[in-house]
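Heads up, there are several structures right after this.
First subunit A sits with subunit B, and in the next complex the same chain sits with subunit C.
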Partner chain A sequence: MIRIFLLSALPLLYSGILLAQLPPNAEEIIKAVDRNLSARTTVLESKMIVHGRRATRTISSKSWMLGQEKAFTEYMSPAREKGTKMLKIGNRMWTYSPQTDRIIQISGHMLRQSVMGSDLSYEDMMEDPKLFERYNAVIDGEEIIDNIDCWRILLTAREKGLAYNSRKLWVDKERMIPLREELYAKSGKLIKSLRISEVMRVGDRWYPRIWLFKDELKLNSKGTEWIVDKIEFDLDIPEKRFTKSGLRK
Partner chain B sequence: MMIFRLAIKNLLGAGMRTWLNVVVTSFSFTIIIFFNAMYNGMRQDTLRILLDTEVAGGQLWHPEYDPFDPLTIEDSHSIISEELQKMVAGNEAMPVLVRQATFYMNGRSSVGLMKGIPPGQEIVRMPLKVIGDYSGDYIPVVIGSGMSKKTGLRKGDLFTVRWLDALRTYDADEFEVAEVIKLDNYRLDRGVIWLSLEKMRELLQMPGEVTYIVLKRDHAFNNQADSFIYKDIEYFMKDIDSAIEADQVWARTIFGLLLIMASLGIFNSQVLSIFRRKKEIGTLMALGMTRQRIVRLFTLEGGLHSVLALFVGALYGTPLFYYLATRGITIPYGEEAGIISTGSLYPVFGPQLIFGTMLLVAGVVTVVSFLPARKIANMQPTEALRGKIS
Partner chain C sequence: MINFLLKGVLRDKIRSVLSLIVIFLGVMFSTIMVGFMAGIFNDFIRVNAILDAGHLKIMTRAYDELSDMAPNDLAIIGVDSIISDLEEKYPELYWTPRIKLGGLVDIPDENGETKNQSPAIGIGIDLLSPGSNQAELLGITKSLVRGRLPESFNEALLSEEFSQKLGVDPGDKITLLSSTMWGSFATYNFVLSGTLRFGIPAMDRSTLIVDIEGARLALDMDDASSEILGIFKDELYDEERSEEIKSDFLGRQEMSEFGLLMIALRDQNDIGLLMDRADIYIAFIIGIFVFLVVLVVWNFGLMNGLRRYGEIGIRLAMGETKGHVYRTLLIESSIIGVIGTVLGMMGGLSIVYYLQEVGIDYSDLLGEANMLISGVMRAQITPGTYYVGVVPGLFASLLGTALAGRGIYKRELSQLFKELET
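Right after this comes the complex of A and B.
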C-alpha cells in the first residue's frame, strides 16, 4: 500500500521540485514590483537634486498621493520655489505659483516639458507606475547589478497610447524592486533611464530611497536625483487636499 | 493776381524770417512723409512676404488649429474632404502637417514644431527640393537661418528629435540638416524644422492627415460647408496692422508737435507783420482796398510759406527719398521686434501720401495765417495810419 502511494506520489513530488527550481513568471515579478511601489495612499517628503550645466539645485517637496489618480505636491525650498504647488487629477494637471498668484493648467505639449529644469517631465510625474496592467512582461535574462542578483524583464506595451512603447527593468530577485529601468521610444531608441542606488524598508514593503533619472537624449546630462526622506503608506488623506482651491491655500 | 504778386513780394522781402519759417515747415513736411512712407513700406513688405511664403491664396485650418495656442496643436489633424484632396492632387492646394517636438542638439534641448509639406510644391516659396534629392541614412530636414543661428545647427549636422505619435506614444530618431535656407518670415523659421509630408505622416502614424491647407493664388475654392476654416490674407495682416496702428499713435503725436512748431513760427511772424505793418495796412485801406482783400493778402502771405516749404522740401527730399526707396534701409529688427521683413525696409511714397501731406501742411499753415489776419477786419483806416490798432 505504502509502495503504491509512494509510486503514485513520486511524479507529483518530482514536478513540485522542478517548479521550485523554475524562475518565477515575469508577470508575477511585475505584480510583486507593483505591490512594492503602489499603495492606496502615499505621503512623502523628498528632495530633487537637479544637476544643471552650470550649477546644482536642490528642491524639497512634500507630496500626497491617492492611488494613481490624484496627487498634490507642495514645494518647500529653495525660497524661489517655496509655495509652488502642483495638483494632478486623472490626466489633468495644474500648477500654482505664489509669485504670480495664478493657477495654470499644464496640458498638451507642456506636459512634455521639464519640471523645474530637471530630467523629469510633467508627463513622467503623472505616469501610472502600475506596470502589470499596461505592459506584457517577459524575462529577458539575469544580471548582477551593483552586486545584487537581478531579473532582466522586458516590457512591451499591452495597450495603445502609452507614452513608452517598451521598457527594460532590472528587478532585485530578493526584494522585488527595480534597480534600473530603461524607457524606449517606438523606434527602439533609449529615451530615459532610471537608476535606484538605495532601497529602504517601509513596513512590509521595499521602496527606493535614492533615484537617478536621466534624459538619455540630452548629451552630457548628469541626470536628476530624487531622494525620498520620509514616506508613509495607506494614511487617510482628506479628499479636499486634491482640489484646485487647495492650490491657493 | 495783384494780391498774389504783392504777397510774393512781401514774403520774399521779409528775407531771413521767411526762409527760417519755410525751412522749419519743410522739415515737418518731409518728416511726416518719410515716416508714413516707412509704415507703408513695412506693411507692403509684410504683405508680400506673407503671400509668398505662407498664405498664397489663403489657408484652410483644421477646426481645432490655432497657431497662437500651443495647446491646440496636438489635436489639430485630420483627413481632408474629397474636394480638397482633389485640389491637392491637382497642385491647387498644399497640405501642411504640424506637430510639436523636442529637439536635442549640442547637449541642449528645445521645444519646437515639425512641419511637413510636399517637397516639390510650388504654391509658396519654401524650397524643400533638397529633401527629395537626399540620399543619406537619416531623416532629412530643412531649417531657416534664424533657427540655425539660435541652435547652432549647420548643414550636415545630426540631431535627435522626440515626438508623440498619433497614439500618444513617444518616438525618437536621428535627423540631418539637409539645408539651411534664408526665410524672410520668422514665423516659419523660429523653432521650426521642415520635412517631407509623407515622411512625417509615416513617423506620426497619421496617413493622409493634415493640419492646414495653403490654397494657390486665384483658387476657385468656395465651400463654406467644409469643416476646415478659411483664413484670408487680411486675417494674417491683422497683427501687423494692429502693430502699425499702435505705433502710429506715437507717430501722430510727433507729427502734431512738428506741425505745431512750424505753425507757431508762421503764426508768430503773422502777428509781428500785422503789428509792424499797421501804417501799410492803413495806407492800403486809404487807397481803397477793402478789409477783406487785406485779410486775404496777409493770409496768402502766410499760406505761401507752405508753398515755398513744399518746394524747398522737394529740393532735398526728392533725391533723399529716391535713394531710400531704391536702396532700402537696413534694419536688422525682424524677429526680435515680431516683424516679418527681409532685413531691409523700402519706404513707399505713394501719390496719395505726398499730396495728402501737402494738403494737410498747406491747410494748417493757411489757418494759422488767417487767425491773426482777422484782426485787420476791425481796424479803422485813420487809426491804422497813425499806427494804432483798435
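Right after this comes the complex of A and C.
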C-alpha cells in the first residue's frame, strides 16, 4: 500500500522539485525590478558628476516625484544652476531659469538634448521607470557581473514611440535590481548604457546609489555619474509642489 | 631678316590687319572670359569665406572632429590674445571670432511662459567692437528687412521668415535656450532689433544672429569662441599665401586635443574640389577658344596663301627654298601673333580690371535685397588672365599658319612657270 502511494506520489514530487528549480518568469523579474525602483512618492537628493572633455562638473539637486506622472527638480549648485527648476507633468516638461525669469516648455527635438551637459536627455528624465507596462520581457540567459549572479533579460517595446525600442538588462538574481543596462534604437544601434556600481537598502527595497550613464553616441564620452545621497519613499507631498506657479517660488 | 619681315607685315595691311583683329579679339575674349569666371567663382568663395569658412579658419583639434555639431564645450579659450598674435604675424588678414550655436528660440507670452518656440541656428559675430567691419562685410546692413542692427550685446537679429513664423516684431523679447560651453543649461533674453533676408532657404528658415559678446554671455564663453576666421583684407582668396600661413601657424602649435588647428578654405566643405573643377572648366573654355582661333587663323592663312600664291611662286622660282619660305611665313605669323596678343591682353585686362573695380550692378534686377548675393557682378584679375591669352594669340596663329603653309611643299617647281604665266 505504502509502495503504491509512493509510486503514485513520485511524479507529483518530481514535478514539484522541477518547479522549484525553474527560473522565475521574466515578467516576474521585471515586476520585482519595478517594485524596487518605483514608489507612490519619492523625494531624493542627488548629485550628478558630468565628466566633460575639458572639465568635470558636479551638479546637486533635490527632486520630488509623485508616482510616474509628476516630478519636480530644483538645482542647488553650482552657482550658475542654482535656482533652476524643472517640472514634469505627464509627457510635458517645463523649466524655470532665474536668470531670465522665464518658464519655458521643453518640447520637440529639445527633449533629446542633454540635461546640463550630461549623458542623460530630458526624454530619459521624463521616462516612466516602470518597465513591465511598456516592454515584453524574455530571459536571455545568466551572467556573472562584478561577481554577482545575474539574469540577462531582453525587453522589447510593447508600444510605438518609446525612446528606446529594446533594452538589455542584467538583473541581480538576489536583490532584483539591474546592475547593467543597454538601450537600443529601433535600428538595433546601441544608444545608451548604464552601470550601477553601488546599491543601497532603503526600507524593504533595494535602490541603486551610484549610476554611471553613458551616451554611446557621444564620441570620447566619459559618462555621467549620478549619486543618490538621500532618498525617501512614500512621503506625503502636497499637490501644489507640482504646479507651474511653483517653478517661480 | 626680322626687320624685313616686320616692314612687310606693317606695310602690307591686307597681310596683317585681319589676322591682327582676329588674334586681338581672340586674346581679349579669352582674357575677359577667364577673368569673369574667376570673378564669379571668387564671389562664391567670398560668400563662403565671409559667412562660415574664412579664407583660413582656426579651431581646436577636438572641435574639428565634431564641427558639424558645433560643440562649444571644445571651443577655443583665450581668443583675444590669439587674435592679437595673429594680427601681428599675419596683418594681411582680418581675424575675427565666431560662435556657432544651436538651441531653441522661445517667445514668451504676457506671463513669461512659452507662447511659441522653434529650433534655431545661431551665429555670434563681432558686430559691435570698435573698428569691426563684420556687419558691412557680411552685408547685414543692406539685407535688413525690418528694424535696425543691434546696438548692444543683448539685441539680436532673426531671419525675416523665422520672425514671421515665431510671430515676433522688432522690439519684442526672445529667449535663447542652449547649453553653455561647460554643459550647463543656458537661457538668455535678447531683444529683437531687426530682421534679415539671407537669400538661402536653409538660413532664412531659422537663423539667429547676435553680437559675439551677447553669445559669450549667453553661453558662458568668456574670451572664448567656436572658431576664429581669417579673411584677406582685399577679400580675395590667395591660396598660396594661405598655405604658407597655415604651415607657419601649425608649426607653432601643440598636437594636443585642445591644440589649435588651422585649415584653409580649400580644405573645407569640398571647396577644394570645386576650385579644381573650376580650373578644369576654365581650361575647357580656353580650349574651345583656342580651337576657334586656330580655325579662323588657319582660314586666314589659307586665304593669304591663295592671295600670295603668285608671290610665293616667284620666291620659289628665284631659288628660295621651300623651307625658307615656310619659316618666313611662320616668323611673320609670330610677329602678328605677338602684336595681337599684347594688344588683346591690354584690352582684355583693362576690361577685367574695370569689372573688378566697378563691376556690373544688377541689384535692381534682384528685387528684394539679400545678404548673400552681392548684386554686383565682378571679374577678377588672376595670374591666369596674364597668360591665358598667350595660348590662342601665339600658338593658335602659329598653328594656323603652319597648317595653311603646308601648301608650299605641294608646289611643283616644274609647274611654277606654267602657273606664273596664267
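Definition applied: the second predicted complex is superposed on the first by the 240 of 249 C-alpha atoms of A that agree within 3 Å, B and C clash if a C-alpha of one lies under 4 Å from a C-alpha of the other, contacts with A are read in each partner's own complex, and residues count from 1 in each chain.
One rule holds in what follows: contacts are C-beta pairs under 8 Å (C-beta built on N, C-alpha and C of every residue); 3 or more make two chains touch, one makes a residue touch a chain.
Computed from a predicted structure; not experimentally measured.
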{"item": "Subunit A as common anchor, with subunit B and subunit C clashing or fitting", "value": "clash"}
{"item": "Contacts of A:R158 with subunit B and subunit C, given as first, second, both or neither", "value": "neither"}
{"item": "Touching partner for A:R92 - first (subunit B), second (subunit C), both, neither", "value": "neither"}
{"item": "Subunit B versus subunit C as contact partner of A:R102, first or second or both or neither", "value": "second"}
{"item": "Residue contacts on subunit A - larger count, subunit B or subunit C", "value": "C"}
{"item": "Touched partner set for A:M110, first subunit B, second subunit C, both or neither", "value": "both"}
{"item": "Touched partner set for A:L219, first subunit B, second subunit C, both or neither", "value": "both"}
{"item": "First (subunit B), second (subunit C), both or neither touched by A:A185", "value": "first"}
{"item": "Residues of subunit A contacting subunit B in one complex and subunit C in the other", "value": "53, 107-110, 113, 219"}
{"item": "Residue ranges of subunit A touching subunit C (in the complex, touch as defined)", "value": "50, 52-55, 57, 59, 78, 80-81, 84, 94-95, 97, 99-105, 107-110, 113-118, 219, 244"}
{"item": "Complex contact set, residues of subunit B against subunit A", "value": "70-74, 100, 102, 104, 106-109, 111, 160, 162, 164-165, 167-173"}
{"item": "Residues of subunit C defined as touching subunit A within the complex", "value": "62, 65-66, 73-74, 104, 106, 108, 111-114, 117, 119, 175, 177, 179-180, 182-185, 187-189, 220, 257-258"}
{"item": "Subunit A - residues contacting subunit B, complex", "value": "53, 107-110, 112-113, 157, 160-165, 183, 185-187, 189, 191, 215, 217-221"}
